[in-house]
Structures are given as C-alpha cells and as structure tokens.
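Please read through the structure below; I'll follow up with questions.
Chains here go by letter, A, B and C, matching the order in which they are written, and residues are numbered from 1 within each.
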Amino acid sequence: MNTKPWKHPLGQAAIVVVLAYVLFEWGIWLLPPLFGVASAPVPATVVLQYMGTVVVGVLIWVSDSEERWKQFKAPIHRVMVDPRQKVLRTALMVTIPLLVAFMTFDRVRPTVSAPAALRSVHPAPPGQIDFRGETMVLNGLENPLRHEGDLEEHYEEGKRIYVQNCMPCHGDALDGQGHFASAFNPAPLSFQDPGTIVQLTESFVFWRIAKGGPGLPREATPWDSAMPAWEDLLTAEEIWQVTIYLYEQTGWEPRTWEEEGAEGEEH
Amino acid sequence: MFPGVDKTSERNVPKPGMTWRSGAGPILLLGALALLVMAEPAFAQVPAGRDYGDFPVIGGRAAVWIAAQVHLLFAAFVLGVPMFAVVTEAIGMFGGDERYDKLSKEFTRLLLVAYSATAIWGGILLFLLVTIYPTLFSYLAQIFNLSMWIYVGLFFFESFTLYLYYYGWDRWKKGRAKWFHWGLGIALNVWGTIVMFIANGWLTYMMSPPADVTVDTAPQMIQLWTALTNATWMPINIHRLIANVVFGGAVVGAYAAYRFLAAKSDEERAHYDWMGYVGNMIAIGALIVLPFAGYWLGREIYEFNQQMGITMMGGFMSWLWIIQAFLIGILFLAGNYYLWVGMGRIPGAERFMPYTKYMLAVLIVGVIVWATPNTMIASREEFAAMGGTHHPFLSVLGLMSGKNTAVNFMILTTFLSFLLYRRANKEPVVPWARTGTIVQGAIFIIASAVVLFYGIYGYRVPTIVRIGFSVYQVLTVLACIIGVITIDLLMLRGATSRGTIRWGRMPARSQYALFILAVTFTWLMGLMGFARSGIRQHWHVFEVIRDTSPWAATPALGYSSVVISACVLIFFGLVAFIFWLGSLAEKPVISSAGRTSAAGGIQSDLQPAPSEG
Amino acid sequence: MLKTNLSILAVVIGCLAVFTWVANAIPQLQSDVPEDLVLSDDVTPAELIAAGEELYNGGGGCTACHGLGERAPNLLTDHAGTGLIGERCANRVPGEDCKQYLHTSMVDPNAYLVEGFAPIMLDASRTLSSVQIWAIVAYLQSLGGEVTVTGADFADDGGAAPAGGVVASAPAAPVLGPTGPLDPEELLTRYTCATCHAISGPSPLGPSYEGMGSRLTADEIRTSILDPTASAAENFEAMLGIMPPIFGNIPAAELEAIVQFIASQR
C-alpha cells in the first residue's frame, strides 16, 4: 500500500464502520447527557440494525464508482492470492472462523437471565382503592399527616415501622440492599435512586405499600414482585408515617399534584 | 339490536366462509367459472354447506393465500406493463425515435407470455376457493353475480385486444394505421383497468362492507353497486393502479438485467442496459407517488372503522411497518445505487460524483431514523438500563414526526440523484442557465427547510395537529419536484452534450441492484397484501361473516414472511421459465434494435420517460 | 452463463432469506380469534367478570381505544377525576342506572357521548354477542362498583324489542331458564347462610333476616352479600369481616331469589 490507510477506500470504509459502531454503542448513550438530554445504553438489536444499515451504505459507497471499487478490492485480492502474503492470509483464515465461532457460542450459550419481557415499572395507579373496606380516592390525595400532628413524631414512628417491616429487603440505607434483597428478581427498589419515589406522589407510594405486588394492575405484568400487601398489617396512619420516613430520610421531595399533566407521547 | 341467546348461539356457529386472506389478490378470473358455480343448486342455499375444505400439508388457507398472491403478482404485471408500453409507444410515435417503438413491442411480448400465466393462476385460485371455502364463495357469488359475468366478458375483449395489439404491431406501423394501433393499446388499458376495478370491488367488500350490511342481511338483498363502491374501493383502485406500474417497471428492469448479463454482443448489452434503465426509472418514479395513495387508503380505513385502523397501525401489526420501512430503505438505496453506478457510463458525470457520498449519508441517516423501532427488542438487563421499553433518546426518532421527515428527505435525495443523472452530460445553453440552477437549488433548500421545520415542530403539538403536518411535508416535496423538473425541462432545451452515454458499459453489479429492486418490490407487495387482508382478522367479510375455519387466527409475521417468500420464489421461478421459453423462439430482433440504440440513441440520449420523474 | 445464473439465483434467494429472517427475528404476535362465550343464565358474577375482563383485554378489542391513552374515555383507571368507571357510571345519565348506562353506551355509543371525545365508537353488537356485551358490562361494573348484571339480563334480550336498529330475524329459541322453582329457604340452607343468619327469631351470629327488608333495599342486600365488608348492621360492627366474601359464586338467578326473599322480610 503506497497511500496512507485513511486515504485508501478500504481504510476509509473501516474507519467509518468503527466510528459508527462507537457512535451507536457509546455515543448515543453518553453524548446527549452532556447537553442535558436524557439517554441510555442502546439495546443490542438496535445497534445491530444500525450497523447493518451503515455497512450497506459503506458497500454502496465503495462500489458506486468503478475506480474506487477496484482500489477497494485490490488489497483484499492481494491478500487472497499473493504468495508473499501467506502469513497474513493464513492468520485471517484462522481468526475469522474463530471469531464467528466465538460469536455463535456467545449467542447460544445458556445464561441465567430470564427471557426478555416487557413490563411497566411505574404502572398507572387506579383512581381510588379500597383500603380496609374504605374507599380512598388517590387522585389529588395528599399525605394527611403533613398537616396534622408533629412531623418529627411521624418521622420517628415511620422509622420504627420501616425497621420492623421494610428493612430486611429495602435495606437500612433505603438503597434496596437489604439482607434478603439478592433473593428477589425484580430486586427491591432503592429509594435513593432518582428514578423511584422522587418521581411519584405520596399517594402512589401509599398505594404501592398498601397493595404490594399482588395489587399491581395488569399492565404492570409480567411481574414477580415479592412485595407483600401491607394493608392487612399496617394501618393507614402507619403507612403514611412510613411514607414520610422514606422521603425525609432520602431527602427527596414528593411529586406534587400541580406538576401533573406532562403526559408522555402516544403509541 | 339486542340479539337474544338463541341468536347469539347461532352467530357463533360456523358460518359460510371463504379466504379471509386472499393475499392481496383481486380475484381475477374469479368470474370465469361463476356461471358454473351458480348453476350448482347446492350453492344457491347459503347455509347449506358450512364446512371448509382442506389442502394437504400446508392447509387450506396457505393454499389459497399462495394461489391468490401469485395470481395477483402476474395480474399486476399484466396490468402495469400496458400502461407504460402505451406511453413508450407514444414517445416513439411523436418523438420519431424508433428505439422506443421497439422497446414498447418488447414490453408487449413479455405481456403476452405473462398473460396466460395470469389466467392459469386465476383458475387455480378459483378452484381452490370453490373447494376450500365453498360457502363464502357462493355468498359472494350471490351478491356479485352480474359483475362476475361482466368480468368474464371483459376478459374476452382484453385478450383479443392484446393479440391484435401485439400481432398487428408490424402491420399497422405507419401513418393512420399506427394511430389505430396506439388506440388498441389504450383500449387494452381501459379493459384491464375495468377488470381490476371489478375484482377490487369484491375484495374491498370483504374488507369494508357497506354499513347497513349486517349479519342478518340476506346476500340477495344487497345492491350490487353499493357493494362494489364501498368505502375502500376507490383508494384501493388508485393504490393498485400506481403500484402495478411500479411493479411492472421493476420486473421489466429485472428482465433487462438478466438479458444484459446473458448478452453476447455489445449491441445487445447496450439495448438491455437502456431497457433496464427505463424500467428502473418507471419503478422509482411511480414509487414516489405511491405513499400519497397509501395515505388516502389508510385514512379511509380509519374512517370506515377506527378499530381496524388501529389494528393496522398500532395493534398487532405495528411491527409490520418496521419491516416495511426496512424494505423501502432497501428500495431507495438500490435505486440510487443504480443511478450512481450508471453515472460511470456518462461523460461529464465525473463532476457530480463527489456529491454522491453526501447524498448517500443523507439516505443512510434517513433509513436509520425511519427504521428505528418505537418499542425496542431488548433483554431484561437492557430494559432495566433504559428504564422501560422506550429508549429515552432514540424513542424520539421512533415517532411519526421523525419518520415522516426522514422519508421526505429520502425522496428529495432520490430526486436529486435523478436530476444530476439527467444533467450529467448536458451543458445548458439558455442564457438564464445559471439563474435557473440557483433557483432550483433554492427550491431544494426551501423544501428541505419546510420539511425539517414541520418535523421538529411536530414534537411540540398534539397528535391531532401533527397528523396534518405530514400532509404539508408531502405537498412541499411534491411542489419541489414539480417546480424543479419544470425549470429543468425548460433549461435543458437544446442543451449541448458532453458526449453520448456509453450504453452497455455498465458493471455487472449494477444489474444485481435491479434484481434486488424487483425482489424487494415483489416481497413488499406480498407483505402489504398480508397487511390489507390481515386487518380483517377473524372475519371473512368484516363484521358480517365470521371465519370459523381452523385457520381463522391471523398469523404472526414470521409465518407470513415464509409464505410471502414462497410466493415470490414461485413467481420468479415461473417468470424465468416463461422468459426463457420466449427467448427460444425469439428472432434476432434485438441486434437491429441494439444497432439503432447504439448509433441512433445519441441524439435523444437521456430522454427516457422523464414524465415519470 | 451458468455462473451468472447461479449468482442471480443467489442474490434472489439471499434477499428472500434476509427478509424472512428479519420478519422472524422480531416479536411474533398472532391475532387470535376471540373465544365463543356461552354462558347459561345461572352464571355467577365472578364468571361474568372473568369473561368480560378477557374480552375487554383481548378479542373484544376494547383496549385499542379505551386503554390508558387519549383516544377514548379511560375505563381502566380514574377518568379526569370522576372516579373509576364502576362508580361513575351510575351518575352519568339521570334516570339510567349503571348497568343500563353501560349497556346503552356499548350498543348505541353515541347516545351519551362523553364530552371532549369524537363519536368514533362503533355499535358493539356488530362484533360481540349479547352475552359478550353483558360480560363486559359486568367487568366494567366490577371496576370500582358493584356488579348487578345477572343471567336474566341476556336471557331477557330474546323477548325485549330492540331500541331501533335491525330486528332480529331469527325466531326466539326457548330460553334456558332455571331448572326448577327456586325455593329461597332451601337455598339459604344450601349455601349455609342460615348457619349464621336466622330466618326468623334470634340469630346465631349475624343479623337475623327478620325485618331486614324494611331496613335495606334489595340492592343493599345484594351488595352486602357480595361484599360483606361493605357495611355492618347496627350492633354487629364487631362482626365485620367474619362473613366470608365467597358468595359471588352463587348462580345469579339463585342469588337474585335469595335477595328478593330477604328484601321481602319486612
């Protein structure tokens, strides 16, 4: 090769493919947060789809002019037939099948993870629930204890309730790392996580504590939540107290009802 | 309106039924044996036979599905090709270039052999329907009896017109006789179109029966005209009319590609290179307007029945549209690739070659955006990392606003490719050439800006407003295409040439792009046929006659794709065989045509079918 | 030439293989045929609800619009602060109780169009049988309300003249009625009610039926049987929760006989 690799079509093609892979695998995940836009790792199937498109594009580019196509093929051809390239050729002949074999192995290898399933982490709460035979309208419901009694007292009481009932799973640091936590899938929620209780109103938290895993609505299935329904074991006041404890201890502010209305897109 | 228990139970008892899924098939030839069927006394009583027939191994539904789909593919070819055969003949007549006349005749020769295949498969379909879905067939026959007779009659007219058109080609070659001959071609199209409209009436009736037809309506009571002109009839007619042209162009392109690769002489190669180019041009040109017809059809479906529309777009078929996006992406890429490779044979095209990579980049980004799924496939861990089934960043691309913008940019880019190709060896001589080019560029920039504006603005308005935006985007693109092509036609009048196109000097890989185009078009037709009839779900006639056969459940895409692939394979296998038969008896017509094109093609170089752009 | 033919064949087969593979790689959804619903008129509310729920979420196609989205009023959870469908249904139209309202809304959807929505819904009786419609009504009632649909509702349909629309042409088949005369006292013994509630005189555990009809309406009695924790009789507050909530399994016709009997005990 006389020309520099990045001037040669083969080298350019390789660079584009690698750059595209870096962009799809890490760029989409890590770049938008720099500009304050939320992002997340891209699922492997989507990366595969994008890479397929890019590879097709690159092949179109190298072959749409006769001259470039010849240039592109030349080094490949040379490696395939030139006696002096025997070492490289043999190396490729060994590594490429090995690579394919490894990828195949990696795909079919049995893993411990459960099959993919769709689930809604924060299902829409019902408008009202039946709590110990009483109807509670959740919509617009505030924690009544925030306006009556001594907040400090509620906090202390909530702490006692938490330690007695919740700590084994949700952990003493409210991080979802209790003694039993590793036995469950889905794992107990970490209340420290900025994606959990801070996104929710206190009435939602009340609902989840009261009704637990068995009370999840249909759209939240499949759901193997081990969370018990606490309504038979705790009174409404106790649940509100433990809710106060959750928010006070983590330092999060509960979502208020005024913020409601920013619904997601359809589909 | 309150059926009692008795009625309820009756309603759930097996009903007469027919293919709930006749592929995409207008049941051409269905009427050919209608008389026979009507004469059978057993069929006169609708509730008499309630059974479904069976078919070994693949089952009754798959048998009818394949027969209908293959029949439809041949029919679409037979109906699409005459449309542009007549146009090319006219170009030959009025332009005085005999090359087009030869081309038109060659199209018609393909037509002749495909015609009998259409009839054979129509017969197969009819017999399968009568044996596998006897009762629904007789139900339809009771409604559509008169139209079935007319249909058979038209078949006579159509085939004899075709024979006259082809065999009279050389006899009526000059003067007034040529006009008569051209009139025959137009008549051929008229018959064909009426035939298709009638068959479309039957199948759209099954999809969208008139609102006053209910379970209890006796078939004899249904007015034929009301049944034919149901809600989706006209949209399907128009959609299929255009799609047939696309399909005909693509198959003709594949045929030319095959002959190109098999060619022994340079002349032959030059001729088939040119024919392939024309076929590709027709296909891509008609494809660009197809989405508008599809949009209309979709809207009518929503208007007919909201739930049917939602089943189609958002329900269990939503993944089908990801596949469709993937296929259309392939069409765009293959079509552009063919044009770009083709620039290699045009002197003067070198100056535009550096821009192809930017156009390619736009296309690739467009395909990526367009095929981004809204609900992604991922493992449990990946969902956990995304915090749900929607990717926080990419799901923005998965929405309609992003997708419409992407596809409009893809259309604009393809149109630009075509313009550059057209311009490649020309040097405009009109004094305002420079201004004209600047205006053309400005139109492109304005159109892109408008499309982009509505694309971004679409995220900030409610759904109902956003739906309207896609119309603005599409109209902008259409206006841009019309405006630019008008300027281009005026500007290139009397343009000087930088050299003739070296027809035939085309690398073989470009011809494979034509094959990919044809296969993808065909497969896409099969897929859309599945979508169209699949939205009826477990109904033979939507909400009137229930499918109670063992095959009533609408299959998943995986199974459907296997059936569609089988249909495409059967179709191309037969096409290859028929064309090979045709070439056995062929006289060396080509060499003279090739000579004309190689020598005489210089003057008219790039004129083929610009109207299709 | 053989080589060319083979490579053309390879391109065609390759294309088809890729398309087929992609179509098989995505999630496979099959659209199943809705199950036929055959319910006799001694169906229990629990069976009705279960059938209705399945239809609602499946073959009935209701969730296409009445999901959590904005196409149609939300029937699964609270709608715009008016409560769940089972509780708001009774207040929607004066003079129509919950059951009537829901049923009319299904077979004549534009009769009581909810404000802010377009009249896009189709007459459900085009796709669903009468039994299926009643099952869905029962399911909707169960969301926050009390189920009052009984087998008698769809048994009645055969005779009742439809309000406008096509008159059913099929002759009415014999209605599957209860197998014999319903003896309420026998039923009260069979379902062990009498173990706790005396029919007359002092009661072993729960309130006596004597004079219960003067205190409670038939609807309240039905509620109390189906949901024993809903309310407690005076002086029996401490007993709340002792009566098991299992009586929803009593066939509707029999339950109705029991209710009418208790209501007549003045």
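In the analysis below, a contact is a pair of C-beta atoms (placed from the backbone, for glycine too) under 8 Å apart; a residue touches a chain by one contact, two chains touch by 3 or more.
In this text, all values refer to a predicted model and were calculated from it rather than measured experimentally.
Taken together, chain A and chain C share the touching chains B.
For the pairs B-C and A-B, the count of C-beta pairs in contact is higher at B-C.
Chain centres here are means of the Cα atoms, and by that rule the chain farthest away from chain B is C. The centroid of the Cα atoms in chain A and the matching centroid in chain C are 37 Å apart.
Chain centres here are Cα means. That of chain B falls 46 Å from that of chain C.
Annotation: 41 Å between the Cα-based centres of chain A and chain B.
Shared interface positions of chain C, i.e. residues touching 2 or more other chains, are given as 70.
Among the residues of chain A, those in touch with two or more other chains are 45, 266.
For chain B, residues touching at least two other chains, in rising order: 314, 377, 463. The touching residues of chain B, when paired with chain A in their complex, are 314, 329, 333, 336-337, 340-341, 344, 353, 356-357, 360-361, 363-364, 367-368, 371-383, 385-389, 391-395, 398-399, 463, 507, 509.
Those residues of chain C whose C-beta lies close enough to touch chain A in the complex are 25, 57, 68-70, 76-79, 81, 83-84, 87, 144, 229-230, 240. Residue ranges on chain C touching chain B, taken from their complex, read 1, 4, 7-8, 11-13, 15-17, 19-20, 22-24, 26-34, 36, 38, 41, 61, 64-65, 70-71, 107-108, 120-123, 125-127, 129-131, 154-155, 157-160, 162-166, 168-173, 175-176.
Taken together, the chain B residues at the contact with chain C in this complex read 1-12, 214, 216, 258, 261-262, 305-307, 310-311, 314-316, 319, 322-323, 326-327, 377, 463, 512, 515-516, 519-520, 523, 534, 537-538, 543, 547, 552-558, 560-562, 564-565, 568-569, 572.
Of all the residues in chain A, the ones that touch chain C in their complex are 45, 124-128, 133, 137-140, 217-219, 263, 266.
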